[in-house]
Structure formats: C-alpha cells, structure tokens
Amino acid sequence: MVARAADEIAPGMVVNLGIGLPTKVVDHLGPDFPVCLHTENGLAGIGPTHPPETADRNLIDAGGAYVSTIPGSAFFDSAVSFALVRSGRLDLTMLGAFEVSQHGDLANWKIPGKFSPGAGGGIELAQKARRVIVLTTHTDRAGNPKLKEACSLPITARGCVARVFTDMGVIDVTDTGFALVEIAQGITPAEITEATGAPLALPKGDIPTF
Amino acid sequence: MKLPDKIGTLEEAVSCIGDGASVMIGGFGVPGTPFTLIRELVRQGPRDLTIIKNDANEADMGVDHLLVSGQVARLVTTHIGLNPRAIAMMNAGEIEVEFNAQGILAERIRAGGAGLGGILTDIGIDTELANDKQRINVDGKAFIVESALRADVALVHADRADPFGNLAFAATARNFNPLMAMAAARVIAEAEQLVPLGDLNADDVHTPGPFVDELVVLNELSEEYAVVQR
Amino acid sequence: MKLPDKIGTLEEAVSCIGDGASVMIGGFGVPGTPFTLIRELVRQGPRDLTIIKNDANEADMGVDHLLVSGQVARLVTTHIGLNPRAIAMMNAGEIEVEFNAQGILAERIRAGGAGLGGILTDIGIDTELANDKQRINVDGKAFIVESALRADVALVHADRADPFGNLAFAATARNFNPLMAMAAARVIAEAEQLVPLGDLNADDVHTPGPFVDELVVLNELSEEYAVVQR
Amino acid sequence: MVARAADEIAPGMVVNLGIGLPTKVVDHLGPDFPVCLHTENGLAGIGPTHPPETADRNLIDAGGAYVSTIPGSAFFDSAVSFALVRSGRLDLTMLGAFEVSQHGDLANWKIPGKFSPGAGGGIELAQKARRVIVLTTHTDRAGNPKLKEACSLPITARGCVARVFTDMGVIDVTDTGFALVEIAQGITPAEITEATGAPLALPKGDIPTF
C-alpha cells in the first residue's frame, strides 16, 4: 500500500505526509527523485530520520520523530509553515481517517466522548492541500466500514479527499461517489463492495491489482 | 548611542506574572519550550493562569508541571494528545480547553503581535470549530472572524541572544516562539547562549530586540531537552 | 530524494505575464527592486497591468519605465512622492492609483500569502482612507476590514538564492520582497548570486523555496542600483 | 529646536525619527546613550549616515538616506517593521505637520488638489507610536497658523499629538487645548499667541526659554 501510495508523488511536488509515513514512503523514492517534504512544525526539505544516538534535539517532525535536513532545507516559524499550506503551495498530503464520505468529506480528529485531543494542523492540511489522499484500513476494529455515505463523526473538512488507499483497494472520490481504481491481491469485488458503506462503482473490464 | 541592555535574573523576570495572568509559552513538543522559565513559574506559583501553547507537552515535562501544580485555569491550544493528564483534567472540568486549528492559532497570535484586530479565514468553516464564531462576507466569499490573541506575558526559548534581546532560534525549535515574542505586553526570553552585540548577523536575526523586554541567560540546560529514547 | 531545480531564463520567466495581469514588485526605493525583471517586462510589453508596489521609484528607474511605456492601468501603492511622472499621470487620469497605509499594504499582501481572506485593523479608521471600507465590531471595538491581496505574478529581487529557490535578501533590500514572494500564483525571483544547495544556512533562509516558482540568475547588475550622488 | 527635541528621548526607548531628523537629533545624544532608532523600511538600530563613496547601496532609511548598522542592529521585512509600530513597541516618533488641532489631530499627508503623494507609513506612526511629537514651523509660508482649533486638511490621525516643537516655542496638547511650555528666545508671549490659531494657555510665572 505504501509503495503504491509513493507513486502518487510526482517530480517537483511539495508534500506533507502524516505521522510515521514519511520514512516509509520516502524509502520508495529514488535518491535523485526531486521532491520537497514539508512538516508543519517548520521545515521544508525533511531528510532521513535519526536514531536517538545521532538525533538533534531541536530537529523533529510534527509527529515527534527525529529527522534531519538535506542540502537546501529551510526552517521557518509556524505562521509561515501554515501560510504555505493555506496559500496553495502544498501539492499533496497523505492523512489517516476515521471516516470518509462518498462526497470526500473527511473525519479524522474527534470521536465525541472518547477521543478529542484537538485537531492540530489536520484541518488546514485537509482543507487546503491541492490533493488529499487518505491511507487507512478499509474497516474499523469492529469491522464497520470507514467509507460511508455520510460521516457520522465531526468532520475535519468537506469534499477534500481525492483518493483513498486501504488494505482492500484504491478508491477515487468522484462526482458520483466512490469508484474502485485498483483492488488488493486476494480481495474480490464482492468483498470490497460488502465492506464499503456506500455505493462503489467498479471499473469496466479487468480490475488492476496491487 | 548604543543599544539598550535587557539581561535580567530568572526570578525577577518571572515575578511579573501574577494570579490570573495570560501567558504565551513557545515550543512545539520539546523543541523551543522554555523549560527553565516554566519551572520558575511553578516555583513562584501564581494561580488561575491562562496558558496559550501549541500543545501541553508530555507527562512530567514543561506545561505538565503547571497542570500538576494546579496553576492552570484555561488552556488555549491546538492538540493535547500526548498529555493524558491534560485530557483527563479537561474531561473532569478541572481546566477549560479551547482548541484552535494550528495555523489559525499561529495567525491569531501573529495578528496580536502585529497590532491587528483579527484575521478572516475559511479554515474550519464547515466544522464545529466554527460554531458560534462571527462570520463576514468579503467580495462575495464567506469567512470566519478569528480575533487577535495577545497575552500579559510571553515566555520564549532562544538558541542565541545578544544583550539587546535580538534572538535566533535553532531548527524546529523556532515554531511559535517568534510569533509569541511579538504578542505580549511583556516578552521574556531565555537563551542557551549569550553572544556579544553584533555577533548575530543583522540579516539573520529571527526576533528583533525591540520586541523583547527581558533576557534570561541559561546557566545550564534543562534535562527535559534530552533526546527521548523511543 | 533531492530538492527540485527552478532555474529558468529571463525571457521565459517573464513571458507568463499577459495583458491585464496583476504584478507585485518588491522594493522600497531602490533596494530590493527587481530592475532586470522590470526591464524585461517593458521589453515584452504586456499592457493594462495592475502594479502593486510600495512606491513608483524615481524618474527613469524601475516602475517608471512601465509608466513611460504606457503599460500600467492601475497602481496599488503607499507613496509616489518621488516620481513626478506617476503623480502627473494620476492627476491626468492616465493611471488609477490606490493608496494604502504602508504597513497595511504589507499586511494585505502577507494575508494573501498566508491564504487568509483579510485582516481587521483600526489604522486610518478616522481618515478618508477608510471611506467606503467595510467595518466590523469585534469584542466591542470597531475595525476596518482590509481584504487580502494576491497577484497573478510577483517579481522579487534576492541577494542570494539556491537552485530550489530558497532566497536571502540583503539589508533593507528585504522590505516587501518576502511578503510578495508568498502572495502570487507565480513567483519569479531574480538573484544577484546563485549558491549551491546547502550553502544558505537552513535557519537563515528568508523565503523558503516552496514559495518560489522560477529563479533567474543575474549575469550583470542593473546600473539602476548605483549609489545616488545627492 | 533639534537640541531641545533630543531631550525627549529617554534611555532605552525605541524611536522613529522623520526624514532628515535622525542624524540631526542623534548628534545631540552621547556615544553611550542607550536608544534604538527604527526606520520603517526594515531596520532597528540605525547607525551613522554615509557619504556616497562609502554607502551600501542596499542600506537606506525610509527617507532614502544611506545609513549604517551598529552592533546589534537587525533587519526585517515591511510587515514586521509595522507590526512593531502597531503593537506598541515604538516609544516615540517625531513627525512634521501641515496642521495640528488643539485636540491633537494631525494633518501632514495631503493637500487636496495640490499635494497627494500618499501617506506612506505616516498614518501608522502617528496613530500607534506611544508618544507623537511634531516638529514644524509655527506658521506656513503665507504666515497662517499651523496650530488650529480644528484641522482643515485631511487628517492623518486623531488625538495623536502630545507635544509640538516650533521655531517659536514648545506647546503641549492637553485635555483643555494648547498649553505653552517653553518659548524661543526673542519671542514674546503676545507674538506666539498671535501666531497660534487656537487658544494658547500660558504657564504661570516665568516662561522657560530655549
């Protein structure tokens, strides 16, 4: 899934990857691949993560991982960091989700009564990145669909999600709802349709697998 | 003609913070958090504080000490997920918590520092964060009014400072520090290193001295900065 | 993984500016004015431009060439007192001029660059500059709504740049440049000196590369930068 | 007048002086006097002016004079520069005037039909500096008073002026109008009262001269 998600990154993009993802996705990009990774706590040009022994105590990403710089990295304050996001300079972000609606609404920050630590920078990333991709399990721990006709949880941003990567498939959010793009090896169209809480349009002909 | 000197003592600097004060505190996670100023604030013990900070740090670090000591009445923040005590106190009604989108908290503070009344944004306009917020149409587009934030005191952590209070921050320890260093009636900076006037390149100063009221030079670095073994 | 390269040619960079475009131009007086980009804009000749710049430079310098060539329809500015031609053209109705308080022009551009809808301010609230402007009350205090400014293109002048478009400005040549470098759909920087990736200290970059679309490295410096003998 | 105006600068202040004034005022402060001079085009800590031969082409003040830095100077962009002004960090500014009203209103940026180059940074300096001092001739070239009951020209800011220095005297703006503080040598109270376009309260007893 991560390897497939890395294909979403086109040369020259400015990209913000959710907590834990950068290292995993970056491993799938070549050393000469031109891309700028952004973290909202104030760095453009994230370099490799460090083990504690070699870490710089002043250099973390927004998830708290000890990262590094690369030639051409730049630090800035939190206002400039989100100016970049809100003014349309962030080409792509990859986020987690509790729920995604068939209209592309995203809920990923609050479960009333259970989980409400605050949205952090998630709202701005979801609302303002030029392209929002969600990486998530297809269903929650109880087996309920995360892809739904409408979100039941407080939303993060409306109509923001372009594409969802799950353990079962790659699904686009289109003007007419969810559309299956690719399916995981070993999963049948019936299974993914069953596990999806809204209509899922299947592609004509063979369905590519990943 | 020379630039004024602002070096003071830790005790004296923090003594301006009384009961009921609003206090901005720099830092995103560990980097840039003024741990020594926070410890002194705990030692001096003013109560009923409004704390404005991106996060609530983690257990036994930074702002958490102020929660343990019961000095915090209100927390204006963006995310407290790494501090279970903050969440428990919020759920128990022991502290009031106001959540902001992270970049909007940054902009509200910056607006305060820039002498503005507020900003107009569409961030969160479809979410519950916009409930009860004033709205306005500009050129036919709907925006939320987010008021400017100022505080009685700002506590910031710099890597280097000169006696005039010019500050430079290190790497991602910059975060909210330069914004808060403009947005309080009294700005107190702790600095890891004091350098002579003129040692900071005039092009590379992050917070210009005129914004800073008092400078505390750190004799030793808090152990709370230590790299975490995860 | 490496950072993308944005070096382009002067002709190609400016060719994106068509008739009717809005163009932000950095500089306060001479320092920081992108004279080479302006000269190329005159050479390519798009008309009916809206120019957003602190001032109109002086006779035979910078923006004045665009006035001479008749390419300017509208000027959004703060002070044109040093350019008699700009004043004459304004008085003759040959160009439309919109005056802003200087710091408010800076904040409107910054708001555009920060993806905000606008700012609230009390600057000029008692003056004719506030006539016809939308007003709003926040916490019982009256403010003017100043809309965010964005442009189709921003032209800025940097002292040093790396191939990714990280920019550093020199002394008071900074002025409006870093603000405009965030506030346009397409940001074009000219730089006196190209340095390799990594040569600019990551803590000391004034405009981070992600804001810049195209970098033009200057082969020679415009004679318009020469120190004036007064 | 300039020497007397320099006395207004207290140790530790951040001060913005109008065009041409900084050098003149600064000459009256000692080399160890602690003060920070600000110019709105982006510098705190203005140093001495330079002749063209030694000038830095990138280093001017808001009036276009070639200035220099001193140890501890800092450069910043135009937004930060006016943030400093509007947020109350500017202790004192000295400005010129076309008219000052007895309520402290200032008019110094526009003469309709004759002079309208734009206000530049003047409105923010006048409205937001903690103390605004005006330095001006007592009358205009035609001999008309510049100190008036009300301004006839478009105002820059209302109620902002604390004190006026003219060639005839030093006048405070008080809750009850203009009050003479000092008088220039060789000027009589009758002369300055005559040249002032609003009531002028005279101090009790001897009037200090300068």
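Some notes on this structure:
Each chain carries a letter (A, B, C and D) given by its place in the written order, and its residues are counted from 1.
One rule holds in what follows: a contact is a pair of C-beta atoms (placed from the backbone, for glycine too) under 8 Å apart; a residue touches a chain by one contact, two chains touch by 3 or more.
Note that the structure is predicted; figures quoted are calculated from it, not measured.
The minimum number of touch steps separating chain B from chain D is 1. Of the two chain pairs considered here, A-B and A-C, the higher C-beta contact count falls to A-B. For chain A, the chain with the farthest CA centroid is D.
The distance from the centre of chain B to the centre of chain C, each centre being the mean of the chain's C-alpha atoms, comes to 32 Å.
The distance from the centre of chain A to the centre of chain D, with each centre set as the mean of the Cα atoms, comes to 56 Å. Distance between chain centres (mean CA atoms), chain A to chain B: 29 Å. Centres computed as Cα averages put chain A at a distance of 35 Å from chain C.
Counting only residues that touch two or more partner chains, chain C has 107, 114-116, 121-122, 170-171, 174, 202-203, 206. Across the assembly, chain D contributes 43, 69, 75-76, 79, 82-83, 85-86, 128 as residues in contact with two or more other chains. An unclassified topology is adopted by the chain contact network, corresponding to no line, ring, star or complete arrangement. By the definition given earlier, chain contacts exist for A-B, A-C, B-C, B-D, C-D. By the touch criterion stated above, chain D contacts chain C in their complex at residues 39-43, 52, 55-62, 64, 66, 69, 75-79, 81-83, 85-86, 116-121, 123-124, 127-128, 154-158. Per the touch definition, chain B reaches chain C in the complex via residues 107, 111, 114-122, 134, 136, 138-139, 141, 143, 145, 147-148, 168-171, 174, 201-204, 206. The touching residues of chain B, when paired with chain D in their complex, are 1-5, 112-116, 162-164, 166, 182-183, 196-198, 200, 202-203, 205, 208-211. Remark: chain C residues 28-32, 54, 77-82, 87, 97, 99, 101-104, 106-107, 109-110, 121-124, 126-129, 159, 170-179, 206, 225-230 touch chain D in the complex.
Within the complex formed with chain C, the residues of chain A that make contact are 11-12, 14, 26, 29-38, 43-45, 69-76, 79-80, 82-90, 128.
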